[in-house]
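Some structures to go through are shown next.
Two complexes come next, and they have one chain in common, chain A, joined by chain B in the first and chain C in the second.
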Partner chain A sequence: MMNETDLHFFIDSTMNYFEEVTNEKASAGIPYIKDEEPVVLGYTGIIGISGKRKGSIYITTNEAMLKEIAHIILGLDDIQGDDIKDLVGEIANTISGNVRQAYGSDFMISVPVVVEGKAKDIKMPDNIQSFVVPLTWKDHKSFLVVCLE
Partner chain B sequence: MENMTLKSNKEIILQTVEEGVFFLNSDYAIEGEYSSALEFIIDQKIVEGQNFLDLLKSRVPENIINNTIEFLNLMFRDDLDDETVNELNPLTTVEFHFENRWGLWTSSKFLSFRFKRVNQDGQIMKLIGTVRDVTKPVTLTKKIEEIEETTNRQMEWLVNILRVAPPLLKEFVDVSELELAQIDTELKRFKGTEDSKVILTRVIKSLHQLSNNTSLLNLKFFTDKLRIFEIEMQNLRKKENIGGSDFVPAVIQLGEIRQMLKDIKHLMQRFKHYSHSLRPTRRFEGGLLLRTIENLVENLSRELNKQIKFSADKFDHTLIPYTHQQIFREFIIVLIRFTIFYGIETPEERKSNNKAPTGTLQIETFSDKQLCGFRLRHDGRLVRIERLLQKTIEMVGSKSERDHPIVSDQLGSEVIRLLFMPSLATPSLSEAEYIKEIFGEMEMVKQKLKMHRGKIKITFTSENFCEYTISLPIT
Partner chain C sequence: MSDKIKVLIVDDSLIIREAIHKHLKGFNIEVVGTAEDGKVALEVFKKTDPDVVTLDITMPEMDGLTVLEEMLKLKGNVKVMVVTALSDKATGLKAIKIGAKSFLPKPFTPEKLRDSFQRLIAQN
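Up next, the complex of A and B:
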């Protein structure tokens, strides 16, 4: 079962991403246990974890936030389509890179999968609790969902 | 002819053998001839010259692949003993992971690989590999280990649970799930630091309600967990700047509590007599209220070394509409806790006051077309009320409220105000904490009463009796 250290680790990794890449801190809201209510925004980057422990994590956010991050990273004023998808994949990938570093080679981390559009919900393993961490970066809302056996 | 027969026999063997059999050359490529079972066991198509290590990629963790490379290197070294090297085989029992199209793990197979050298002219030409699906025995062993672990943990629970009447237990689970849902809702409301203390206060109240329920049923394992959690939340509330991450321990513990509830439900289901009796009618559920109260009186008197004769002859739960039963339950529990803790004295104290060593506590219900409610009466000391009463008696020169309805009305409101003032707690620290809790609950009762347009009335005399009347409109 997931413990405090695990959840802190995922939150800190995500916070670090925002701070390092954008020089602007994000803030984490109170985490909660995911219920049937869907937690999906416009763009979602999902990473599967298997090996010694199994589960998945995803970050879901909206177009406006991704555009603003793109502006900071790439200096582009208006990015569209695949570039936005790539960016959410990039965020997920960075988090997954940190996961790989922290959990070592006993774990298998999948290539990030990006879901565009407000899907009904992201299917997580039924028998494992999922924790939702609301994130705020500038005025943008996003969610980190962590599900780890 | 002989060669043809040999070839044919080899094909038959490779087609029928239940193990995956294959040959690996020194580049770790799988040679063309392998058993039909191989693709089925590893759940993958093999292409000509497929590298064995590629089969492992995305199926097993990186460290196992690295160990496999080292192991296969050693297997091709003829200066090393075959059997000794085989002891290093990292694939003796290995978990193969299977994912869905999103890369999320869906299932696993446990496979057992063995390798032997194929020598020719004293040279290692290739390796013959075999693989078997050992998922069933491995998962069975894991399951047994898990069951052993859970059984040990749940034995204590079971001892606790079996003492509780099944319908009460079911009611407890239902109410607890509601409280947990309430906590989740509170957590989701978080908007910023300013909110966190308010949210924490609500969470603590819900936790408190939960632990009250568990202590009513003597579910020690659960009460302990909740108490620790509650203390942690109280400590967190004392922090100056509270951020979302500070709630991580809380959320993890909530997850554990949810899991405990799930396990309790699972335990309940495992006992047939539970499932048989877990379908109470509303009428029967109403009866549970009285049994809960009886348990509370019994447990609390024992805990506080008090003797109490509890009477509920005039308690008719059918007078309380089903929709009001939960709220009445809360009111009654709070008032009874308050009364036993404060009002009713220990046998020694009672004797020194020329009272019977056993205190009395009576509860009765009433209803008419518009109102329903209950009266709770006790013959314990009237604590602060007593002092106030004395003061008023001195003022008006009377001993009974009946003689001076106006004064007694004012007195009643004053008593109610006093009852709901948390600042009056004085005794030892632990007791003070306890009293603070009770006052917190009383405050909650007051708010809920207001919300439900209900009323509380306190009647008393200097003759050591106090009666609380709580009424709610029926519609």
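Up next, the complex of A and C:
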């Protein structure tokens, strides 16, 4: 069963991503348990987790934030749609890959699946609680959703 | 021209392939190929005979550690820098034990990438 410490591993990993890549800190709001209300923005990167722990995580955000981060990474003004779509998957991959420092190498992650466009919701395992962490980086809002056995 | 270091960039992320290419531009290199999964990486490796490979681990088709083993069978002296989000020590040690010459955890800054690359190409 997932606990507060588990959630902190993911939050710390997410904070580290923003600071390392953009040199600007993000902040995390108060986590809550996901209910029926959809938590999905324009671009979503999803990672399946298997091995020692099972479940999935996703980060969902908007085009403007991804464009700004892609601009920082590539130093280009003209950011293409493929880069934006790819980036949200790479962020999800990096956040979940980095938590192996806490869980060890039995914590297996999938390649990312990216959902573009505002889906009705992102389907997570029914039998496990999902925790939603609101994130703010600069003026941009996004959400990290963690669902772990 | 012929003394340029031939580099192959392997990562399933387009933006990471582009970032590595861009940030290594200051070196005397020629990027001879890029690949988005393990199988394609081996095909491009055979065709282009690179001196250096930057190699992701979590990829479709074939994971990077398996690719690393296959590349070393084909060319024992290729210098491979593993660039991965799997930043735990055990994964790093495993990559080095198989034969990677360098291990760079994601997320990386341009400076960390260039420093790692510089150290890699300076190795005998």
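The rule is simple: the second predicted complex is superposed on the first by the 148 of 149 C-alpha atoms of A that agree within 3 Å, B and C clash if a C-alpha of one lies under 4 Å from a C-alpha of the other, contacts with A are read in each partner's own complex, and residues count from 1 in each chain.
We adopt the following convention: contacts are C-beta pairs under 8 Å (C-beta built on N, C-alpha and C of every residue); 3 or more make two chains touch, one makes a residue touch a chain.
These numbers were taken from a predicted model, which means no experiment stands behind them.
Visitor: With the two complexes overlaid on their shared chain, look at chain A and say whether chain B and chain C clash or fit.
Guide: fit
Visitor: If you stack the two complexes on chain A, which partner ends up touching A:Gly104: first (chain B), second (chain C), both, or neither?
Guide: So A:Gly104 meets both chain B and chain C here.
Visitor: From the overlay on chain A, compute the angle at chain A's CA centre subtended by chain B and chain C, rounding to the nearest 10 degrees.
Guide: 140
Visitor: Quick one: name whichever of chain B and chain C touches more residues of chain A.
Guide: Counting contacted residues of chain A, the larger count belongs to B.
Visitor: Quick one: is A:Ile11 in contact with chain B, with chain C, with both, or with neither? Answer first, second, both or neither.
Guide: first
Visitor: Should A:Glu20 be classified as contacting the first partner (chain B), the second (chain C), both, or neither?
Guide: Touch status of A:Glu20: second partner only.
Visitor: Tell me which partner A:Val40 touches in the superposition: chain B (first), chain C (second), both or neither.
Guide: In the superposition, A:Val40 touches no partner, neither chain B nor chain C.
Visitor: In the superposed arrangement, does A:Ile128 touch chain B (first), chain C (second), both or neither?
Guide: Touch partners of A:Ile128: none, neither chain B nor chain C.
Visitor: Given the touch rule stated above, what does A:Asp82 touch, chain B (first), chain C (second), both, or neither?
Guide: After superposing on A, A:Asp82 lies in contact with chain C but is clear of chain B.
Visitor: Kindly classify A:Met1 by the partners it touches after superposition: chain B alone (first), chain C alone (second), both, or neither?
Guide: Only chain B; A:Met1 stays clear of chain C.
Visitor: Working from the superposed arrangement, determine the closest approach of chain B to chain C, counting only CA atoms, in whole Å.
Guide: When the complexes share the chain A frame, the smallest chain B-chain C C-alpha distance is 9 Å.
Visitor: Pick out the shared contact residues on chain A: the ones touching chain B in one complex and chain C in the other.
Guide: Touching chain B in the first complex and chain C in the second, residues 104-105, 110-111 of chain A appear in both lists.
Visitor: For the complex, which residues does chain C have touching chain A?
Guide: 12-16, 18-19, 22, 58-60, 84-91, 94, 105-109
Visitor: Which of the residues in chain B come into contact with chain A in the complex?
Guide: 58, 60-63, 66, 95, 97, 99, 102-105, 108, 184, 187-188, 190, 196, 199, 243-245, 247-249, 251-252, 254-256, 258-259
Visitor: Could you pull out which chain A residues touch chain C in their complex?
Guide: Checking each residue of chain A against chain C gives 16-17, 20-21, 70, 73-75, 82-83, 86-87, 89-90, 93-98, 100-101, 104-105, 109-111.
Visitor: Could you list, by residue number, the parts of chain A that touch chain B in their complex?
Guide: Contact set of chain A toward chain B: 1-4, 7-8, 11, 27-33, 35, 46-52, 54-56, 104-108, 110-113, 123-125, 129, 131, 133-134.
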